[in-house]
Amino acid sequence: MLMRFARRTGILIATLIVGSMAVFLLLRVLPGDPAQVALGVNATPEALAQLRHEFGVDRPLPVQYLEWIGGIFRGDFGTSYVTGRVVAAEISKRVSVSVWLVVLGQLAAIVIAIPLGVLAALRQRKASGTVFAGISQIGVAVPSFITGLLLINIFAVRLGLVPSGGWTAPTEDFGLFVEQAILPVLTIGLVQGALLSRYVRSAALDVLREDYIRTARSKGLMPLRAFLRHGSRNAAVPVITVIGLQVATLIVDTIVVERVFVIPGLGSLLFDGVANRDLLLVQGIVLLIVATILVMNYIIDLLYLAIDPRMRRSA
Amino acid sequence: MNADEPMIAIRGVTRDYGRTGRVVHALKGIDLDIYHGERFGIVGESGSGKSTLIRLIAGLDTPTSGVVKFEGKRVSGVPERKLDFLRSQLQYVFQDPMSSLDPRMRIRSIIAEPLIAEHHPDPESRVMELLQAVGLPASAADRFPHQFSGGQRQRISIARALAPNPSLLIADEPVSALDVSVRAQILNLLNELVDAFALTLVFVSHDLSVVRYLCERVAVMYRGDLIEVGETDHIYSDSAQPYTRSLIEAVPRLDNALAGVTARELAARMEAPQQASA
Amino acid sequence: MRITPRITAALAIVVVSAVALTGCASGSAAKSTATTATIGLTAEPANLDFTTTDGAAIPQALLDNVYEGLVTLNNDGEIEPLLATSWEVSSDNKDYTFTLADGVTFSNGDKFTAETVKWNIENVKSDKWTISLKSYMDVVDSVEVVDDTHVTVKLSKPSNDWLFRMTTRIGAMFDPDASTDLANTAVGTGPYTVAEFNSGDSLVLEQRDGYWGTKPALEKVTFKYFSDPNAENSALQSGSIDAISGLSSLDSMSLFSDTSKYTIQDGSTNAEVVLSMNNASGIFKDVRVRQAVNYAIDRQAIITNSTADTGKLIGSMVPPTDPWFDSSLVDAYPYDVDKAKELISEAGVEGATIRFRIPNLANVSAAAQQVQSYLTAVGFKVELDTLEFPAQWLDKVFTGHDYDMSIINHVEARDIATYADPTYYWGYDNAEFQSLVAKADAGTADEQVSYLKDAAALLSKDAVSDWLYLESYVSVVKPSLTGLPANQLGESLNVTDLAWS
Amino acid sequence: MTVLMKPRMSTRHRRSIPASLIAGAVIVGLVIIAALVSFIWTPFDPTITTTDRLLSPSGEHFLGTDALGRDVFSQLLVGARTTLYVGIISVGFAAIIGVPLGILSAAGPRWLGELIMRFIDLLLAFPALLLAIIFGAAFGTSTFSAMMAIGIATAPAFARLARSGALQVLSTEYVLAARIARRGELDIAVRHVLPNILGMLIVQASVCYGVAVLAESGLSFLGFGTPPPTPTWGRMLQEAQAIMFTNPMLVVWPAVCIVVAVLGFNLLGDGLRDRFDPKMEDNR
């Protein structure tokens, strides 16, 4: 058990290192000179060379990489070439926004998916079950930006219940935070929830086929109650896995939803950074996203080990 | 080739499975010689190590310690690409004719598979020849494994094994997965073919009566050890080993043995006759 | 089939509370009060430092509001006094003596004097400024402080353009003692200071104490930045902003047709949408081919499709708000497919392939697809290649000159002079044009107008580019909010006149 | 044992064709027909701009025209082509990267298998959107960049499936028989492993197809998808998005096409899985 934990941790660290190199190299292939973008259209060649030197982009790649990664260990993501701002501060400001969306969105997804999936499974052979399953099928096929635009159109423009976008930190004005966050969180919740509900359904179906549920049902327990009492724990295992696997799509959906609702999260910072060839900024954000996904997968693996004794033995 | 020299020489072979902690000793120091032209049987119940042993002989597995030699050349620990001398001489018939035939391949390709490596000049006519030898019609070549019965599939398996003209045939419980009614046919076929092609046969079974029908010499295995080696008839009549005796007593009569029926199956047949004949 | 009563009850609670929550929430929405206003904008500043960071967004927010210059550009495009109450020009048109307003202080309390002016002008000429626009200050030879409120700027040659450029960002007056962290702090003499800058979201201006001039009506003005036009539109519709300055999707103007709720301002700009052709290489070296392109394209139709009929035909690189605008050039090349084909066959370039490399900007993409349609109709093969803006487009087209044709908005004021630079990406090298521009800069005001008229006509004759249209500046404002500038002629969005009626 | 059971089950146990398979096949069929029809006939040239802009649906323009006066129906027909093309290339790309990696990790030495799987894990941490943004910036925004990004991001799914399938096949006796018959590892991979996992790969491809179409529309919306003038449903959405409140139908048509096409591919994938994966048998 301890061995496995150590091994998995070792793998995580190695993957993170290789991942950071991949991020670094990937962004170095970008054509377009950051100095040119920073100086604008009529810069002189001398000024360009000077600025390139200042940015350090004229040094050998390994040196640049080591300096960058060394800085990150000290929590220093560098200072943006383009905007002159401290990258770490910039990113952390935006991350605090995106994390709200990711966490609340995922919670909303769970709240939507579990009833939908369980009901679809329990009523599998009935018309209502087909309807539930159909809802999630269609939900999976609708892109998040369409869902977002639809919600804006209905709730912000036509009904005027909530603002169409924007963001306020909950610490600043909680009421306004709730108003502005409802639609984007609902969008993420619907899109992710539709996907999740399919896994919930199949996990629930697997559990329902187990003998103890059949026994419970034969004893006259109603299906839902039997499921809740006996099966939900076992159904949770595959669902947790899926939530882990969904981290990547969740982050991507959040980026798109931020765009639709004009939320100053990590996504908009990323788009601006790419357009401005703000190498350090983009590198920092991409590394952060990649590392988050890797670490989440690691945590899910460990959770697995903790939850399901069978997994422990077979390992 | 010296007739006195064993075809297969096994010296001090052990095989352990698993890593530190829970080690399974599948073979615990085996010494064995098998000679040219012999029909050699290996018996033992499942888990006795007989399958491990023949896999080592076939070079499909590597012993933990000890040496396996084929015609004086070392097999154990030799990389696959240097095993040509063995592969050209040794062929194998598996227990389960379904899982040993690729379901996506036509019979023609299955039988011809061993011919590719030796660049056979005319695989097509060789396949026809082999189909005839194992008693299948030529039309079988264009069909897929699932279109045949279990006995027919084992015939195909045998045809494939014979394709490259091997000198040694290893048969790993070739009839135990088959319906009772066809077992005798397959055993007879093997019997004939071993004679016709002058093969050395290593035949593995959990059923001593089947081995007695085919083999001159037999080795009895129990929990990774070779507890007895000798003439089949001699062991059958005079063995002093209690384990061997229990194997023999599990088969009460010769006609049942020929039909491949064990004591347990007989008992089952008496309880539910209709199922056993199905 | 059976949903247990408990579940039904739970669902009901969730639904009811959700409705209640949204219902309550809408009541508490922060609406602008009588002393604050929120303006929606599209382009967001990268930081607060326009001395080293290019882009229109920073001066748009800060100039005239936070930073002030000696002179400013009013909303009709005329130069007006600001920190300088008056100025005199010497007879040789080379020395400008400014009289400065009295008692001007920076927002940190530091005094603004003639010394400050000298420091600032010299600072632009130093290495501290890196943006290319600083070159407009090259013409300044020296600055002499006469006394605390008088300063003389000596030019190396007469330049009509220089005073105009002093209304732009290079004329902004910084506090010499507070110019170390311009990216994050802005200390100016203007009525507002930057209270908050939330990147990706908004910039908040707050009125400061001790402003030397007339106090503006509003305490607080927020610029809210939207990357998505729908979000901006619905923000105005739902009341979370009070105006959109510079509507980006002009087709959505009809959303705001209710005049009791919205006022639409149709303003003018300097933004020429130019179909540029590489005059230095390829088929567009031939003037006949360039003329053919001008004949082949129905510009009025593009205006209809791309700008909801708000764009204006210009015919050369001059907006109607400049004094040297010549309306006769507008019709120089009417839409005439036969004429175009004739010129193409004369030049012998039938069926030629055009590498049309455009930046990935929505308005450009729409115009480019129409241009492609028109040019295909006269027999060209047009390869549309979309480049990421700004990085790739600057790299390949603007700097590398590796293109046949492109489209971009040229938003800078009085930028006809760029055609006098043979290294500029259009590759136009005409000595006659260059001398006209030089003479216009050195001459009297009247001479400037007549020389630049000739220059514009020459551009048109040579069909150097195809000037598709001049962008309009459409703003949508709540009727009770007044004082939002209608035109976008200078670099600033001056909000000091905003007031609620 | 599962290998032994599989074929018997499918032959013995003739299951009815799932409704999702029929529905999926019909929808996908319609998309294919639309794409094929667009080669020989469209009411108008979908790339030619006119001044007949923002027209309502009529007998001439079945679904009206867009902001640049192009016929919406014609664009949708040609857009079906792009949709199929994007799906085929990106899923194909994913399979070409993923399947050999998966088989290699199963057939190769332990350390190599381990290394490949860790690489696949790493690949999973780069979402398609992230890759598309970087590729778009590096190689220009193009269909190809988008397809490459989607392909690479989808490859891990194929690699994992191919690995688990290959491990199963490699443990069978017919592979042992092939080894005894002196077939090389490559021959075994091509002649035995690949044909036997092809079925599950096809099911996977159908599922990934929907994901790819969805991803492409998202990329187009963000401006990283297929650039003009090629009509695509995703970019039609993007172009119409700015005027969606005044001309909502211009958003609705491509949105419906995307949703329905993705639904079709998903249903087809689910149906194929239900039909051919014996583990799902009880779900019927």
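Read from first to last, the chains carry the letters A, B, C and D; within each, the first residue is number 1.
In the analysis below, a contact is a pair of C-beta atoms (placed from the backbone, for glycine too) under 8 Å apart; a residue touches a chain by one contact, two chains touch by 3 or more.
Because the structure is a prediction, the values reported are computed rather than measured.
Upon removal of subunit D from consideration, the remaining chains are partitioned by touching into the following groups: A, C | B. Under the touch definition stated at the top, subunit C and subunit D share these contacting partners: A.
For the interfaces B-D and A-D, the C-beta contact count is higher for A-D.
The most distant chain from subunit B is C, comparing centres defined as mean Cα coordinates. If each chain is reduced to the centroid of its CA atoms, subunit A and subunit B end up 56 Å from each other. One inter-chain figure worth recording: subunit B and subunit D are separated by 47 Å, centre to centre, where each centre is the mean of the chain's CA atoms.
Between subunit B and subunit C, the centres computed from C-alpha atoms are 87 Å apart. Separating the CA-averaged centres of subunit A and subunit D is a span of 22 Å. In subunit A, 30-32, 149, 153, 157, 259, 271, 274, 277 are the positions where the chain touches two or more neighbouring chains simultaneously. Shown for subunit D are the residues that touch two or more other chains, namely 137, 241, 244-245. If each chain is drawn as a node and touching chains are joined, the picture fits none of the line, ring, star or complete shapes. Remark: the chains found to touch one another pair up as A-C, A-D, B-D, C-D.
Of all the residues in subunit C, the ones that touch subunit A in their complex are 1-2, 4, 7, 21-23, 25-26, 28-30, 44, 46-47, 49, 52-55, 130-133, 135, 183-184, 198-201, 224, 226-228, 230-232, 234-235, 237-240, 388-392, 394-395, 398-399. Taken together, the subunit A residues at the contact with subunit D in this complex read 11, 14-15, 18-19, 22, 26-27, 29-32, 124, 137-138, 140-146, 149, 153, 157, 202, 205, 209, 248-249, 251-252, 255-256, 259, 270-271, 274, 277, 286, 289-291, 293-294, 297.
Contact residues of subunit C toward subunit D in the complex are 229-230, 233-234, 248-249, 251-252, 254-255, 298, 301, 304-306, 360, 362, 365-366, 368-370, 372-373, 376, 384-388, 391-392.
If you check the complex, the residues on subunit D that touch subunit A are 118, 121-122, 124-130, 133-134, 137-138, 210, 214, 217-218, 221-222, 237, 241, 244-245, 248, 251, 255, 258-260, 262-263, 266-267, 282-283.
Across the complex, subunit D meets subunit B through its residues 3-4, 7-8, 11, 172-174, 176-183, 187, 191-192, 195-196.
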